[in-house]
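Common to both upcoming complexes is chain A, partnered first by chain B, then by chain C.
Let's look at the complex of A and B:
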């Protein structure tokens, strides 16, 4: 067999059984790997109304047929579950080296189910798989647990997935880490692993990935690597990292400041990638087979936090616990990032929930009586720092926020007024990108993202973000160069459809989207080429994109089964009704609002979503080989539009 | 070769969401069938241009121009 290992591992922690399940040719061709296979399992095995913390719930780790090869940035791994944050479909992916190691150990996927009686970790050493005691690891930070497991197993070169204390405390947005610093951040699978008492998965593999047409494959890889040498986005990402976006975001007014009340701030340059590189950048490090190497490490050199060290920063981690909560001191932002990583939490949701609470406080919806005496004022770093720990350990007011912004609003009895400031859709707060400036296609992605409404990485319509660096690319794919302009409605519906399908495939191959969507060095045709060369298949570009479409529809159907559809395809009122204020000189999007309703109907047509419910149509589902899904949705189409259902306000599930 | 009327081409070129209407119009004109309509929806504009050139509905030069200048240029060729 080429590309795939052809088997997955199923571990039931309740009874300790470990089974290896073969993956047929048809199955592999239909779902490819990574996100595709994971989504298939979650749809089929995790019923939509199951409590995500029920032992029956699953967590899947999936890699693709390209994982572990020389294809650019082919080391990612997708983690999927029913999200305890949103209650809907959830997944996230991470770089590092663990994904490649899992392939070398001989597995395309791991399914975790059940619940161990006490803390355990999984040790996969090629064919030998065992469940080991992890009582001594419970409560440890990822870096501590990683070091202890390596020492225990006597091998510094193994790769380990681990959760932090936040996962153990069932913080609904706890993350999963590998190689200590590479996080699968969103949707809370770290908490689901915590609910199962699974602290870590250590892997050592001694196998290889068989390539069907090696010469052809290495020729493609060489060609692509040459392309990266002159790629404009690669230069930015290597030299400045994803924080290269800070100055751009500040200029174009899409930086999340004070919970999106502003899109820019005169002090934001202090946390830019340029400044970080000059001051606290310790070193750079790439993930497996990466030609970009955007990863950075930080050592704080002065002030209160001097001596602290950690992986990062990334734009999406640093903005929510920085500008979004009104903090602009760079060392404080790096400290918040290190602290959040130590506890093993999603930086976006952590900052999002604190920012939301700050706005509730500002609007008088909560007072210091609710917060245990904390004064939640914008930019109060002392409080932000304190709250990060309180959330991770579920202490005091932190316990309320540990359930995520939307659930916290309900726990505090704040009603619709409280929900208005959560700046979330389908129960997950938005990342640090304001669609009034970043772009309308990104904004549509926030409304329709299949891992929760909020999503900067699902639709990933980067043709409007970095497309200007690739003149002619928008025309090549979309037929027009105008969609490269962020705040226009022209061409955005099709842009979302194309990019969403394409991104689904990138997540099935488990290559890094920085090589395919931020940078456009690797286009769809290249991906089809290396997929075919590795696997020996001969699928067409059309089939390739259709698989992406299948996965998007399956995930969409998961939400539809929970009666989440057209009415929930929206974005927070702030973006639709509040014109972007001017806060810096030269800001390009002053007065902008985001007319999401003008783009969605067009997008629905490409998807063939039912215009009444927003559910995938029976016709399209059958075309995609999802007859069983069409059957599942059949009785729900009418139910969704009953008067009783229309009255329900669904902020999470 | 005129496979669309000038009025059709003009209408499509003025739309914000132009791609699906263009595919629909080409299907109505018998240039695309269900299968190819879907194929070029999935694979993008440049594959549509390649197909139209292959079918000799546009010349090589026109295909180059349509790739450089976009769908409005293509509509011009298809309605000329």
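Let's look at the complex of A and C:
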């Protein structure tokens, strides 16, 4: 078999059974791998109203047919589950070398189900799979657990997925880590793994990935790698990492400052990638087979936090626990990053809930009585630091915030007034990009994304962001040069539709979106080409994009089964009603608002979603080979209309 | 070249070529400080030589310590007095007069692994299928140079004449010093 390994591993922790299931040609052709296969399993096996922490719930780790090969940046892993944060479909994606190692061990996917009686970890050594005791690892930071497992198994070259203390304490946005610092951050599967008492998955593989047409594949890879040498975006990402965006964001006014109240700040340059490279950068890091190498390794050299070290930072990780809570001291930001990594939780959500609580405090919705004496003022680093630890260990006020911003508002009884300040859709807070400046297609992505609604990685409409660096690219892809301008409504509907399908395919192949979206060196045609060369199939570009559309529709249907549809397709009022204030000289988006309602109908039309309910239409589902999904949704269409009237607002599921 | 090295692949027709000194031959130069640990080199190597992708097939190796963020690339340094060739009992591993590098003839290799043990860098790999040793052959004269150096994104592996590399390195030190003094003067 070429490309795929052709089998998946199912581990039932309740009774310790381990089964290997073969994957048929039709199945692989229909779902490809990674996110596609994971979504299919979650849709079929995790019923919509199941509690995410129920032992029956599944967590899937999926890799694609391209994983572990010479294709650029082919080492990613998709982790999927029913999200404890949003209550809906949730998946997340991580780099590192674990995905490739899993492929060499001979598996395309791992499905974890059941619940172990005591803490355990999984040891996969090619064909041998073993469930081992992890009592001594419980409560350890990912860094410590990783070292202890390596020592125990006597091999420093194995790769390990591990959760931190936050996952063990069922913090609803706990992450999964591999290679210590590469995190699948969002949607909280770390907590689901914690609820199953699974601390880690260690993998060693000695196999290879077979290639159907090696000569052709080598030529494609060679061509792409040569292209990266002169790629304009790659240069930035290698030299200064994703923090190169800070100065851009500050100029264009889409940095999230004080919970999105402002879009820029005169102090923001201090945490920019340029400054980081000059001061605390120790090393540049690369995930598996990556031609970009945007990873950083930071060592704080002076001040209060001197001597601390860790992987990172990334733009999306540093902004929420920095500018979003009003902290601009770079060393404090790196410290917060190291802290969230150590506890094993999502930096975006952590910053998001703290920023939300700060705004509640500012507006007088909560007082220091509720917070246990903490003065939640903007930029109070001492409190931020303390809260991160309290959230991770569910202590005091941290216990409330550990349920995520939307649930915390309900637990504190703040009602709709409180929900207004949770800058979130479908129960997940937005990352550090303000759609009023970053771009309208990105913003629509926040509204319609299928993993809890609000993420930049669902509809990665980078044509708006880096499209200008590649003249003629928009015309080539969208047939129109106008959508390259971020703050315009022209052509954004199709832009979203295209980018969402394309991103779904990138996650199925499990290559990194920085090679295909930010830096447009690997276009759809190239992806089809290397997919065919590796697997020996002969699919066309249209078929390729149709698979992407199938996956988006399936995930959308997962939400629809929980009666979530058009009602949730919106973004917080702040972006729609509050014009962007001016905070720095030369800011380009002063006074901008984001008219999401004007773009959504166009997007719906391309997707063929029902304009009343927002559910995928029966016609389109059947066309995509999802008859069984159409059948599931049939009785719900009517129900949604009545239910929606009865209960207008729902912030999470 | 010393008498120690068994020269089984000697071809008198290429005699003139063989006279080129080791000094002038291009070699792989590893700069560990720049290695990001991405393993692009390993993937390129295994795909180019075997038509499959796998860490176990690669002639270069990347050693990583994830917790400390350190990576280290190991490959054949193309020794002139190669220990691998010196210890080979069958003459399978010997200095190739054409390329001027130690190479392993798989037909003669008996899989004793002596060369792998003798190599001071750990640059020789043992095939999991045949048990025989295999090592870097500089991609056998690929016009663009060895794949690992060609694909390395950070410049940790370069393919160059060592003499030029040494010169560049010396020059670098001087430039650094000049910069330091100039900056000092300005300050």
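The rule is short, and it goes like this: the second predicted complex is superposed on the first by the 648 of 653 C-alpha atoms of A that agree within 3 Å, B and C clash if a C-alpha of one lies under 4 Å from a C-alpha of the other, contacts with A are read in each partner's own complex, and residues count from 1 in each chain.
The criterion applied here is as follows: a contact is a pair of C-beta atoms (placed from the backbone, for glycine too) under 8 Å apart; a residue touches a chain by one contact, two chains touch by 3 or more.
Owing to the predicted nature of the structure, the values given are computational and were not obtained by experimental measurement.
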Partners on chain A (chain B, chain C) - clash or fit: fit
Chain B versus chain C as contact partner of A:69, first or second or both or neither: second
Touching partner for A:31 - first (chain B), second (chain C), both, neither: neither
For chain A as apex, the angle formed with chain B and chain C - C-alpha centres, to the nearest 10 degrees: 90
Partner chain in contact with A:606 - chain B first, chain C second, else both or neither: first
First, second, both or neither for A:520, with chain B first and chain C second: neither
Chain B versus chain C as contact partner of A:43, first or second or both or neither: neither
First, second, both or neither for A:489, with chain B first and chain C second: first
Partner chain(s) touched by A:97 [first = chain B, second = chain C, both, neither]: second
Touch count on chain A, higher of chain B and chain C: C
First, second, both or neither for A:180, with chain B first and chain C second: second
Superposed arrangement (fit on chain A Cα atoms) - minimum chain B/chain C Cα distance in Å: 30
Interfacial residue positions of chain B with respect to chain A in the complex: 16-20, 22, 38-39, 41-48, 67-72, 74
Chain A-facing residues of chain C, complex: 36-40, 43-44, 46-48, 50-57, 63-71, 128, 147, 150-151, 153-154
Residues on chain A engaged by chain C in the complex (per definition of touch): 68-70, 96-97, 100, 104, 143, 146-147, 156-157, 179-181, 206-211, 214-215, 217-218, 221-222, 225, 228, 238, 282-293, 295, 297, 309, 311
In the complex, chain A residues that touch chain B: 472, 475-481, 489-494, 497-498, 501, 524, 541-542, 545-546, 549, 598-599, 602, 605-606
